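Each of the next two complexes has subunit A plus one other chain: subunit B in the first, subunit C in the second.
Moving on, here comes the complex of A and B:
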């Protein structure tokens, strides 16, 4: 090949990428741009009545309900994440050195993660039903008043967090196990030679080595929790008294009701901004893992 | 092995190309003879467990046999979301939709439903042949949809539980309240009142549908004005809210755990027997019976302030998309679907069909049809229709939260009313 041919500009690579770029634009960029544009419009049902400037943003951001919903969303994300990380790490540590039994148990533990969220929601609705659910029944037998469970505005969010953590902790377990199994044994042997015990091994070898993986896993889950709605729709419908209404659920409800979707678009933009921030962090973290 | 010469191959290819071109040109001409109508329905024809689906298939087959130039294509839309989006965005299809009674005003407000007054008049569809007059289906004096069935709230109850307590099915709210003393302390919910938001189209729809849409307008009163403003009085709200609060507190017939119940939990409570009585939709009766209720499940007319009080009923209606390119064919189809002939087929699916003359069909002499005939009589005697707000799911969301606050936080009916009025008016103003 001569130098002229090598330097000649070719459209061919761009042509090969065109379908992918086109699909990306149609399914991701166009809807995002449209929602952003919608957030500046006055709307009636799905009709755009006219440009509204920042009025939708002012309306949403100045409403106390929006900030209540934001607090609920962040509590939901933080609580579910804490639960999933603790449960996932604990099961990964226990099963990591359990040989064949550990592998078999891992498959069993993966079960919740394989279920659809609507099935998970329905199962837990039954388990927590204050009339005939096994959990309130056991609590009652222990001499404690189980209360209204999902019907109690103070208990609904914590219970939803428990269910979300139960559903998603196997993902943390799998990621943590994979990271643990790639830690060189020599590092543990070095700690043993220095007289370090189990805690020192965990703190300075296991945790240090799996932390980047755990960080990126946490960010993936955070993004998922922030946009998760199915469990809320099935289990509480956002209630009681709005105690489980998250930003994504509010965006969903506003779109389904479709009375005035301009302010709903603002809520979607807020969720998008939080997710983009988390995504940027995720990219940096995964860069650290692979780089 | 036989070989084909190059010339032969070229000839064959040319013949194939010409043949394809002729077919491509001729086929649309041939198909253009028939008009395709896209019919949005929540009934999936492949659902063999739902007798309503089988009845729908029968109706469509019968229509197509009579009208070979019109082909019906189903758009199965279980939640109604596709139809809502299509009508609200002014899409051309589906041509014909099924729309629940309390959503007609919401859809009509978009301006995308075809007015049917002139068509009904032109074809002489009699106003007197419906269980309730067609005028009750109108929005702001205009007819946008024709009822296919009528749905009235009824009292579901467990025979064995009422017999054990030594009581008859309650006919008034006072009798419901009196059940508390008869049932005493029990794990069973004596009378379930759902305030929750699960199931339905959004918000506390079950509270609205089974209680407040009858209690608030009263006998022959208005629920909403045509432009969506609240038309019931503060007095009627406070009376209804106090009655429901009393069930939870003074009467002790409704435990607090009922406050989070929506459609799904109410359905489960009735089929599992964890609720002894509840007001629920007639359309769920046979399902609850099949799913655990069995012979122990029975029904009675819904209680009211008085035993003869009116009950607000609603329909699943059939309507035409104003933007359809096939108005004539769509009307031919709609006219057939509400005809006594088609309605007699629909009845076999378990619906309380809307045309009076359909009830002369032999099906209603069978055991399966007897309940439906009695429900139809109940609709005729106690049924009333009301006008709804175009932002009904928002209204139900606010209503449910106001009632939950009143029950769970021991608020007053007056506070619940103030919360409803303030939040609802603000939501309505934004929607207009």
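Moving on, here comes the complex of A and C:
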């Protein structure tokens, strides 16, 4: 029955897709096309006042704030990625060696990952509260002035990165563990026969074998970090002094404050293009859908 | 023999200690929030902080439940997430089935469209969607929010269902068809029961994703009567003057309760969903 249908065009199979495609068209595709159209309009708040050519692009791309925001976004993504991968890899290795304790812990480790960003943000706001939070208290006990924590323009982004890494390293751990468990034991035995130690085993067997998995995990996380807004909204509101304003936060701020939606459309398109590029790379590497 | 065994256990000691440190890193913050939620407002802010409440109280939880808006927020959270998952399954099952069972001209293009939509980030669509909804007067609509949330999970639903159906041998369907069963009967009575675990997985991940959403509801349905528990939580953070941290942490626990209660399922499906096919790269 399959071969018959393949040869001539038929509308019938499309009907099966119609409801899904209809929703995706209305909610995703049409607004995607519309945001491009919007980016060429001269806007005043939410009013469109005529065609603008590339003026919005020129305005955004020539403003130093946009580039500051871009640098903050990239630092945020790179920092969170480094934190999550190092912590995730380390915990995968440690838990793998800890016998029953490791297996027991593995049951709980994904917990932060299932919490919402508003919840994660609220919990950490409390932990980092400069007056009453336990973390500034411990820092003070160590003889260091904890300062304003999230209220300090120099500290806000690093703290945000730490929280993001905390939330996402369990994901890296799960992926790395699954990849490690699929490595054939013979490879380790071969290293042992050749007299290789633990480092050689890690560097030339473990790391080499799980590198593809780590790569696709890093891509998935980059996409998430790049588009993450809620944690920033809850914890810093993009401040202090714009020190945690990422491109995505800017797109959110521009939408709700509606100062001028034309330039906001351009920022949205920048996020969109980076994201689709990373997503396409991911699909090319793994043949899977992101998300 | 016994020395080899004890050697092995001592060899494990650093790893066990390391695991406990990791356990504290992962669960410590959540447990701290949990402990805070049982403290009185005064005890929550004493210096030095107490590890566990001196006199545990449920007053924060009763305050959360007694809040006039609480049940509206809760109802909205449930309605949006359950609604979104039902819509995603209703449109995703036929599409996924067709993707797995029919081969036809244009199928590749259709699947590419589904794939492409999964790559468009919600953040890039905030401005255009807000503009369009405002223009047609559909802001603050629960149904619209539910449909938007469903669109977020439709691509993965279609993809997963297609994979599950593919795993079912076609021969089963062929023999049913010879017996005169219609396509609808086959899906309803044959395929759906067989792929039930898969549907449970997709539904669980979908519920968690949509329940946890803040942005969609906060931006497209900002009205108080339309907000969810997540939005109510964030609004309280914004309302930082006179904030009661013990009350906030009780709210955090209540807002996460479905995810916490379902965690056993969730982590099972998360792990199988996350790692399925991803390992080989």
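In this section, the second predicted complex is superposed on the first by the 275 of 291 C-alpha atoms of A that agree within 3 Å, B and C clash if a C-alpha of one lies under 4 Å from a C-alpha of the other, contacts with A are read in each partner's own complex, and residues count from 1 in each chain.
Everything below uses one rule, namely that contacts are C-beta pairs under 8 Å (C-beta built on N, C-alpha and C of every residue); 3 or more make two chains touch, one makes a residue touch a chain.
The shown structure was predicted, so the numbers you read here are calculated from the model rather than taken from an experiment.
Peer 1: Could you check whether subunit B and subunit C clash or fit when both are placed on subunit A?
Peer 2: Subunit B and subunit C clash in the superposed model.
Peer 1: A:150 contacts which: subunit B (first), subunit C (second), both, neither?
Peer 2: In the superposed model, A:150 contacts subunit B only, not subunit C.
Peer 1: For A:124, select first, second, both or neither according to whether it touches subunit B, subunit C, the two together, or no partner.
Peer 2: In the superposition, A:124 touches subunit C alone.
Peer 1: For A:46, select first, second, both or neither according to whether it touches subunit B, subunit C, the two together, or no partner.
Peer 2: So A:46 meets both subunit B and subunit C here.
Peer 1: With the two complexes superposed on chain A, say which partner A:256 touches: subunit B (first), subunit C (second), both, or neither.
Peer 2: Both partners.
Peer 1: Where does A:199 make contact in the superposed view: on subunit B (first), on subunit C (second), on both, or on neither?
Peer 2: In the superposition, A:199 touches no partner, neither subunit B nor subunit C.
Peer 1: Once the shared chain is lined up, is A:238 touching subunit B (first), subunit C (second), both, or neither of them?
Peer 2: first
Peer 1: Examine A:111 and indicate which partner it touches, taking first as subunit B and second as subunit C; both and neither are also allowed.
Peer 2: In the superposed model, A:111 contacts subunit C only, not subunit B.
Peer 1: State whether subunit B or subunit C is in contact with more residues of subunit A in the superposed arrangement.
Peer 2: C
Peer 1: Taking the two structures together, which residues of subunit A meet both subunit B and subunit C?
Peer 2: 46, 125-126, 129, 131-132, 233-234, 256
Peer 1: Across the complex, what residues on subunit A touch subunit B?
Peer 2: Interface residues on subunit A, with respect to subunit B: 44-47, 125-126, 129-132, 148-153, 156, 233-242, 253, 256-260, 263.
Peer 1: Under the touch definition given earlier, write down the residues of subunit A that touch subunit C in their complex.
Peer 2: My answer: residues 2-3, 5-6, 8-10, 13-14, 16-17, 19-21, 23-24, 26-32, 34-35, 38, 46, 87, 91, 94-95, 97-99, 101-102, 105, 107-119, 121-127, 129, 131-134, 137, 166, 170-171, 174-175, 178-179, 182, 211-213, 215-217, 223, 226-227, 229-230, 233-234, 248, 251-252, 254-256, 261, 264-265, 268-269, 271-272, 275-276, 279-280, 283, 285-291.
Peer 1: Subunit A touches which residues of subunit C in the complex?
Peer 2: 12, 15-16, 18-20, 22-23, 25-27, 29-30, 32-33, 36, 44-45, 47-49, 87, 90-92, 94-95, 97-99, 101-107, 110, 113-132, 134, 147-148, 150-151, 154-156, 158-159, 208, 211-215, 219, 230-231, 233-234, 237, 245, 248-249, 251-252, 255-256, 259, 263, 266-267, 270-271, 274-275, 277-281
Peer 1: Please give the residue numbers of subunit B that touch subunit A in the complex, ascending.
Peer 2: On the subunit B side, the touching residues are 81, 84-85, 88-90, 109-110, 187, 189, 196-199, 202, 256-257, 259-262, 264-265, 268-269, 272, 274-275, 390-391, 393-394, 397, 400-401, 404-405, 408-409, 427, 430-432.
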